[in-house]
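Have a look at the structure below, then the notes.
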Amino acid sequence: MHIGLIGLGRMGNNMRARLEKKGIEVTGYDTNPAVSDVATLADLVAALPAPRTVWVMVPAGQITDSVISDLEPLLEKGDLVIDGGNSKFTEDFAHAALLAPKGVDFMDAGVSGGIWGLENGYGLMVGGSKEQIERVMPVFDALRPEGPRDEGFVHVGEVGAGHYAKMVHNGIEYALMQAYAEGYELLDTRKDIIKDVTGTFKAWQRGTVVRSWLLDLLVRALEEDPEFEHIEGFVQDSGEGRWTIEEALNNAVPVPTISASIFARFVSRQDDSPAMKAVAALRNQFGGHAVKAVD
Amino acid sequence: MHIGLIGLGRMGNNMRARLEKKGIEVTGYDTNPAVSDVATLADLVAALPAPRTVWVMVPAGQITDSVISDLEPLLEKGDLVIDGGNSKFTEDFAHAALLAPKGVDFMDAGVSGGIWGLENGYGLMVGGSKEQIERVMPVFDALRPEGPRDEGFVHVGEVGAGHYAKMVHNGIEYALMQAYAEGYELLDTRKDIIKDVTGTFKAWQRGTVVRSWLLDLLVRALEEDPEFEHIEGFVQDSGEGRWTIEEALNNAVPVPTISASIFARFVSRQDDSPAMKAVAALRNQFGGHAVKAVD
Amino acid sequence: MHIGLIGLGRMGNNMRARLEKKGIEVTGYDTNPAVSDVATLADLVAALPAPRTVWVMVPAGQITDSVISDLEPLLEKGDLVIDGGNSKFTEDFAHAALLAPKGVDFMDAGVSGGIWGLENGYGLMVGGSKEQIERVMPVFDALRPEGPRDEGFVHVGEVGAGHYAKMVHNGIEYALMQAYAEGYELLDTRKDIIKDVTGTFKAWQRGTVVRSWLLDLLVRALEEDPEFEHIEGFVQDSGEGRWTIEEALNNAVPVPTISASIFARFVSRQDDSPAMKAVAALRNQFGGHAVKAVD
Amino acid sequence: MHIGLIGLGRMGNNMRARLEKKGIEVTGYDTNPAVSDVATLADLVAALPAPRTVWVMVPAGQITDSVISDLEPLLEKGDLVIDGGNSKFTEDFAHAALLAPKGVDFMDAGVSGGIWGLENGYGLMVGGSKEQIERVMPVFDALRPEGPRDEGFVHVGEVGAGHYAKMVHNGIEYALMQAYAEGYELLDTRKDIIKDVTGTFKAWQRGTVVRSWLLDLLVRALEEDPEFEHIEGFVQDSGEGRWTIEEALNNAVPVPTISASIFARFVSRQDDSPAMKAVAALRNQFGGHAVKAVD
């Protein structure tokens, strides 16, 4: 099988390597000519056998929009575009609608696994038609982890369903990370009792209820930098966590741990908190409690 | 009526002033001789008519413990000790038990109102026996705000009940403050839309559902320092908020907003968050996301 | 001054009564002919002196949309539409844009005060141009509470700003209500200690830090039904709370108490919780803990 | 090696089976004579070679207290008591102090793994002296999972440290479970999009960031009962989650996801929520919003 891959950044490049190792032919395109196999999108399309499969692996939002718009006039009836980026599920509807009049199919693939996917394979959640999914199954089989297909790949539903599942996956991921982090902070705060914080996490890797891949990574991180001396507690968030909460609000689903995780990230990026200034001001007003003055 | 008042700090001094203005005779004792009416606790007790009423207004914990222990040998059957500080309700049981063998009564009084109590009166929540409460009602009437007695004073229950009610009062207070603070931060963040943040809070003072005394104080604070330029978002907490959550845990009562308020204060006092370092480290481990390195 | 008022439900009718009592002439229109002064929107417009002021007080969303669409062809340059309902601030932009080509002005007014506004006046937060606000100030002065204008009325900013402020007001309101409710539940759970729950809330009305209008209402509710025996713990939410969180997410503002309040309402409406079924199933899987079987 | 094991319930019995399979001789005692090897605690002690090792595996609190009190007069200098139950770490201090005057050692072992420990081994977190830990290492090696010792066993610190680590482990566990459960509820609510909820979780088992043992168990549970039709969303909690939050409060550590998890369990067990009755009553008071009346 031979596919086109647009976007050869860290994720795209790793995926290409895994695909090729598993026998899928890949023609890659990137706006950076140094890493691109072809000069233009038109060249990419020309290089592919019909019906074409073009996997788009670029940042969600405007860049994905413009790549898919640019592809539309170049593709033909029966071709397929797969968006493997972190697009919002509602954008998938627009992308499918843009391509539909020409008979070009669209599929959304949520991809999980980060930089470890090259070696371990990627967890895949796909939205689209059964027929197209069957046609490109060799691609999914190459990307997904070894083992039973249904433990690393799922056809979630129609277009949008793959990114929806990935969005929720990431919402869960945020809360899982925060859960371990809260436990870490408590253990770390009581080093008078806990003489071996790293060793405690390490010992949870087998047999315990909390064992997980994120736990393994936390142990790895602690072994590299046991006190996190070289890391600031400053954490970005990408769209999926916020969208998960938005969707939860739209559907009246309570998500207290997922929202707590996002809010913790927001706070982590603030130099000072306007809200807590207001609380300090209030305490001062009613109780005469001293505030900490800005220098 | 003539009572003893132990502790002439900011709160004690204000309460003494209000009591005297309302015709209650007060003999004050403080470890600071400059403000004390008498040299020793024994002198204080000697100065009071039997049955004596001694109001203790010192920091909760060891200081309250030691004042009550020191009073015990000096007092007589029928005398009364009122703890008006912010003691935990469980400590009241111990203090009552310490005094009971000698026939000395104990009462706990939760006092709310801060530095405004001198002028406005104090909200009072009292635990103890009906008889003693009736005997010292002139004291409560002097301290409480003008208006119907039951809108500023309550006999909550037996010993401990007054401080229990005050504890919950403070738990609620924390969440109320946090609620306004979150709204403030959102309005402040969208000054592109909200051209008059202070004016918006000011306009909520009459007619709206959110009007309250805390709102009035927030307006006051904003008028003094509209951007909170001179205040750091660093907020202490006293015991009552934590005890409220502890009690909620002991009784399986969900208190999500009260706990969120306390946690926000904890975070406000951290230079960097160990938990968020762990989250940053995890993101780096699985996604290769850059961490913000400590300089 | 003479204005048109569209929507004569509970809110609209009360506002009309207050306006008339304060000397504003009101022609009312409602789809219910029994309460409407005129038969059609066209009749309403015809009844008003130019430049016309039409206050729309109908449910947010489609109904507000269609009323404003229907008004557009009937109005003339210089006329003004005020949306006093609970529209999302982003909808205001669309409504202003719809009316602008004809030279019809638009203003959004957040209105707080509920059924008490008739008597107490309404807190008003307004977005729009300074000129139009000055022109219709008699209307705002009639609606707002007695007292200084700036304690019950604010010109927040351009179109949309009024509803933005009202949205945040409601977000805060949700968290305030939840704060008192958590305290109530804890006091109510410990009736072994708290012998007078209603009396405790009643005594907080004067002098305390937590005094507020919502507290007064809670006392009123407890006096009517001290154990809330006739009320189910089932709570609706309207759009503003959700939008507040959405906006907070869009602007990376942490709102833990506001979101906790909304989630508590979501849970209150569930017969059973899918999430907690999953937790029960997990406990059963790893610990063999019995689950509570559905009958 | 030959040890005594007190408590032959589900956990004790499984542990005994694993110990025996791995070549440790076990004399078991239980108050239920049908499963006990010996008639009395004295018989148990008599059956063991000195220095004796007695593993206590009974419910935390009064039962553990009384077993250790009953053991104290029967044991001799150099003997060792290991508490493998879910005791609070502060109780360990009392138990060690009770045994110390006689020269009997004490050790606390947090044990994780539930009913799967028999087959997979148990994660072990131990507090106590290095010498005693080395002496009984064969017991720990028999109980812990196959693989490197430090991935299933840790000497956390002095007495109390093992249960402290286990307490935090369980706090994390609660939040992890809640995270998956929130994601489950959102996916389950949008079955219009997510055509295969079970399949989605199943596909997360390999390659994804959220893979874990709890996820594997959730898949297992969903495969047994895909809609959780036979399970009520009613979830108990044991002491460790609450203690984790208490400790966090004592140490000013923010634990928003752990506390959200506990509160969700509290709510899950309520027939109706007093707090939400109060919120419903408030909405009715200010807005005239209908309440849902109790039938």
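Letters A, B, C and D mark the chains as written, and numbering starts fresh at 1 in each.
Here is the rule we go by: a contact is a pair of C-beta atoms (placed from the backbone, for glycine too) under 8 Å apart; a residue touches a chain by one contact, two chains touch by 3 or more.
Since the structure is predicted, the reported quantities are computational estimates derived from the model, not experimental observations.
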For the homomeric pair chain A and chain B, should the interface be classed as same or different, according to whether the shared residue numbers exceed half of all numbers used? same
Hey, which chain ends up farthest from chain C, C-alpha centres compared? D
Once you count every C-beta pair in contact for both, which comes out on top, A-C or A-D? A-D
Averaging over Cα atoms per chain, report the distance between chain A and chain D in Å. 33
Distance from the mean Cα position of chain B to that of chain A, given in whole angstrom: 46
Measure off the straight-line distance from the CA centroid of chain A to the CA centroid of chain C, and report it in whole Å. 37
Per-residue multi-chain contacts in chain C, two or more chains: 114, 178, 180, 182, 185, 189, 209, 214, 253-256, 260, 263-264, 267, 273, 275, 286
Using the definition of touching given at the top, classify the network of chains in this structure as line, ring, star, complete or other. complete
Within the complex, chain D is touched by chain A residues 89, 112-114, 117, 120-125, 144-147, 150-158, 160-161, 164-165, 168-169, 171-173, 175-176, 178-180, 182-183, 185-187, 189-190, 193-196, 199-200, 202-215, 244, 247-248, 251, 253-258, 260-261, 263-264
Over in the complex, which chain C residues touch chain A? Could you list them? 209, 242, 245-246, 249-250, 252-256, 259-260, 262-264, 266-267, 269, 273, 275, 286
For chain D, which residues are in contact with chain C within the complex? 10, 114-116, 177-178, 180-182, 184-185, 188-189, 213-214, 217-218, 220-222, 225, 228-236, 256, 260, 264-265, 267-268, 272-289, 291-294
